[in-house]
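Just below is one structure, and these are the notes that go with it.
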């Protein structure tokens, strides 16, 4: 019995005896990303990009004369794990944190960073309320759902569609976007003939497509993620149904075309912040060449790129504030950082920590499976 | 085995836990908080699964009921979150009674899938914003910090004492329950339902009541969870949570309170310990689960029979 | 009405896959009374192995479509079967005399392990089958759109199920399996090598699961390392619905679950589809506590 | 067999009566219009070849099955439709053909199960304390259980886990557990099954002692020596129907019984 207790005590000791970070001549930047779980592909993309950018920055001498060290923690794509990851980062002496992807995951970590005085910059979290709570050191490179909703409604109007079907996937993000778009479309007098949610993670969506087809829309707005979008396009083609699809920014992923097949993906519209490929800035071009050199592929998703932007913004903040103090960095980002040359277009922040200006663009998939920026 | 060793060991453990926050950083304390919540949930599930032998793989549903009750009462009616504790427990318990009633007679694996189904139905209902009060996939945010004796609880070490205090109380109560007439009835049920019924025990009643009790505990754990996170959403109550709780109970040794505690430390703590493995941490975790089960099939710390303390004098019996 | 039949066929195609996976659950359960929670992941391995073999060996280019896919299917089924046997040896055999739920936890651990192994080998991104393998013909019968592949999925599933049924019912080995399912000790006394029977069950069940994985890969194209979890859960539900341990029950349960999902989505709500399916399951179990075709074993007193 | 007495009269003297009880499973009629009575204070044997429906009759009495037709009455109360535990509480206890003990629990705990329904106290009592009356009730329960264990001859095995007991001891433990429910009628399903000669001999003595306590006994047994010595009345079933009833002497000489028993032997 005693031995068992000792073993238990030892396990306890082990479980919590992790090395605390020591202040040294490095500047630590935390990256909180879903390295495991359903969104592991996003998280690992984020890690690749941030590591590459840190290498480059260190090759240029780091920030304020110190080398940058990236401390990565897995948030598992779930709020509870995220709150632990956040606690862990706060104990490791990071000056700033980049991440994370899901809105509710970010939300679970917000108060922890806030109470620790560490600035946080989320890359994939688009839920409106994240920046409505008055956290002074919270930023995001991702645009907000309401902005995307506005863009979606506007685009549908410009393309001249009269009857819209809206499909989401019940996730916080997709539902939010669907609701925003639904309200705006109705206000403009566009008829919404269908509004429902699919179950993400499945393979067969013909049931839903059959039902959608029965509603006979001019266009389908799908606000979910790329794996489902790809399957919808593929199975839609199998049904010989030729209705156009518009998607949200979560479908901006190179794998979309792979999943759907080039033929089925052709003509698919989606909204997204601009990709580095579509920017003429030197920063974007250099980044792309280096990324391809190092990993032999294109950046897997725009969200990973936005994490990269988050990292670059934080480095600029630390350099600009000449300090690793959270309030000073935040102050600099709010006031002094204007039109920073991001990998997803120019970046400035408003008082809430949201990006200023129109971030969204409209893309269309061409016959070769390329994402082509549209001018509407 | 002398009972004194037990008491001594438990005392040492309690003392170590009581001073732990003084030596640990915020992250480490928060890991312990997470372990505490799982321990609380698993202790409740242990009554159902370990003591009564009813296969329940949908415990997260009751957890969710409690958390949402607390969150709704707190955010809509401004009821202090800790005050909702008994009500959350009652709602979760009542819900469990209602759903268990028609299905609790099902045999093993059929009950297993039904509880999985109930868990999924609850989660889907939450995601779809049932009755317009659960906030859909966004969940509910802005839950107030709990207050205790005028002190606002916000830092990890403050939660530590709240959560582990509740765990200690639970252990105390459940130990007593285990040794009572009620606890015995659950064991009869687990060992042989027909024989229990044939000895005059109303098995249907006990099955139902233990479901209600375990669920009520999950509901109260849900309140603590809601208070700690200040935001809850359906993904915190996924099928995976039920699976984790199930694993904790079986890995620890069904029906064993120290076993459940130990397993909560391992199942919640190991993935944290394996953070160094980054992407491979869940792989290592899965492997460790398998190996531990193969090496100790009865659980890490199996329940000891009651006969030891019952037989001390043969006749005299006292707690 | 046309939509109803369209949805019915949609449901059958999905249900065919469920049924094929459910067979693995039900066979293992029949003999060992074990819910093999890692079975869904063996299905995923079928999909991944299929992709790797397809692209690396270029079978369809060399042997033509029909022959290539057939050879591919046999290879995948063989490999997944071996994997299933290894799993049995490593994770379940040591636990055969232990409390039943210990093996369930071991199975869950195995499932996590298998899933994450795939993630480390292939990476977390979705993997995609080349989309030019299958003939993309779509039949149009009485206004119903029936992609040829969907028809094939149902046909192949049913063929495999019938084959398995005949194997279990008509052959000597099948009789041994049935005997072991009823009473292992008695079967052993009758000279049946129960270990071999169990091994066999762990070869055949995973092989069918692997075949299902390959079909999903070939037809739907997109696969990822976590997909076995959902399919596994659905198949387990299907097996219970039909009466676990009962082979025709798994077929009926699988097809029925697919149809319930499709019709529930079509006529009630897509978002509530899975909840509806579970409600139907629970209602059926309230009326028939051992599933549709499960034996009504009154507890022997 | 004598002409049937008027039912009412018979019931007045009988503890247990079955009136035209029928049970069928699917197409198979397991028990076919069986009627018999067990008088208070007697030892009655239910015999018949394998598959005659004896255990089914027991299961009908204790409510594990519900009869399709017919009446089962105990001390004037109709048992039909009552759940098993209610029937036990009325004063019927039983053992099982295939021993059903709580395998992982000690002999004492097994015996305590029988005391359960006479005790009080649920969750709150369990958690929040032992009031004096509860403490007393616990103590009484343990004393009664130990007493019954001693009565059946398990004084040395009180703390032994059930699965570690010998076969004969397990049978005795089942009887002790049944006795702790303080029954008026004890139903024993093949109590000598698996016992050796000595143990059977001891069992006959035990049955006598139980009877001496005023407990009525109904038993199924294949061991004819035991049946003939212990029982004062036998009821013979074949193919679900009753073919004979009477004293051991009468039954032994009943041609239909002889045919039933010898007939089956011929077939073998």
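Before moving on, here are some points about what is shown:
By written order: A, B, C and D. Residues from 1 in each chain.
In this text, a contact is a pair of C-beta atoms (placed from the backbone, for glycine too) under 8 Å apart; a residue touches a chain by one contact, two chains touch by 3 or more.
Keep in mind that this is a model prediction, so the values were computed, not measured.
Compare each chain's C-alpha centroid with the centroid of every protein C-alpha atom shown, and the nearest one belongs to B. Ranking all chains by how far their C-alpha centres lie from the centre of chain C, first place goes to D. One inter-chain figure worth recording: chain A and chain B are separated by 34 Å, centre to centre, where each centre is the mean of the chain's CA atoms.
Chain centres here are Cα averages; for chain B and chain D they lie 41 Å apart. Averaged C-alpha coordinates give centres for chain B and chain C that are 32 Å from one another. In this assembly, the C-alpha centroid of chain C lies 47 Å from the C-alpha centroid of chain D. Multi-chain contact residues of chain C (touching two or more other chains) are listed as 116, 119, 124, 271, 274, 301. Under the contact definition stated at the top, the residues of chain B that touch 2 or more other chains are 127-128, 194, 279, 282.
Counting partners per residue, chain D has 64, 96, 100 as the residues that reach two or more other chains.
Those residues of chain B lying in contact with chain A across their complex are 1, 5-6, 8-9, 12-13, 16, 20, 24-28, 30-32, 34-35, 127-128, 136-139, 141, 154-156, 229-231, 233, 235-236, 258, 261-262, 265-266, 269-273, 275, 278-279, 281-282, 301. By the touch rule above, chain C contacts chain A in their complex via residues 3, 6-7, 10-11, 13-14, 116, 119, 123-126, 128, 131, 136, 138, 140, 145, 147, 150, 216, 220-222, 224, 226-227, 230-231, 261-262, 265-266, 269-271, 273-274. Of all residues in chain D, those touching chain B in their complex are 62, 64, 83-85, 88-89, 93-94, 96, 100-106, 108-109, 112-114, 116-117, 119-123, 125-130, 135, 138-139, 142-143, 146, 158-161, 177-178, 181. The residues of chain C lying in touch with chain B in their complex are 29, 35, 90-91, 94-95, 97-106, 108-117, 119-120, 124, 233, 236-237, 240, 244, 271-272, 274-275, 278-279, 281-282, 285-286, 289-291, 299, 301. Residues of chain A that touch chain C in their complex: 36, 38, 40-41, 43-44, 170, 196-199, 201-204, 206-208, 210-211, 214, 227, 230-231, 234, 238-240, 255, 258-259, 261-262, 300.
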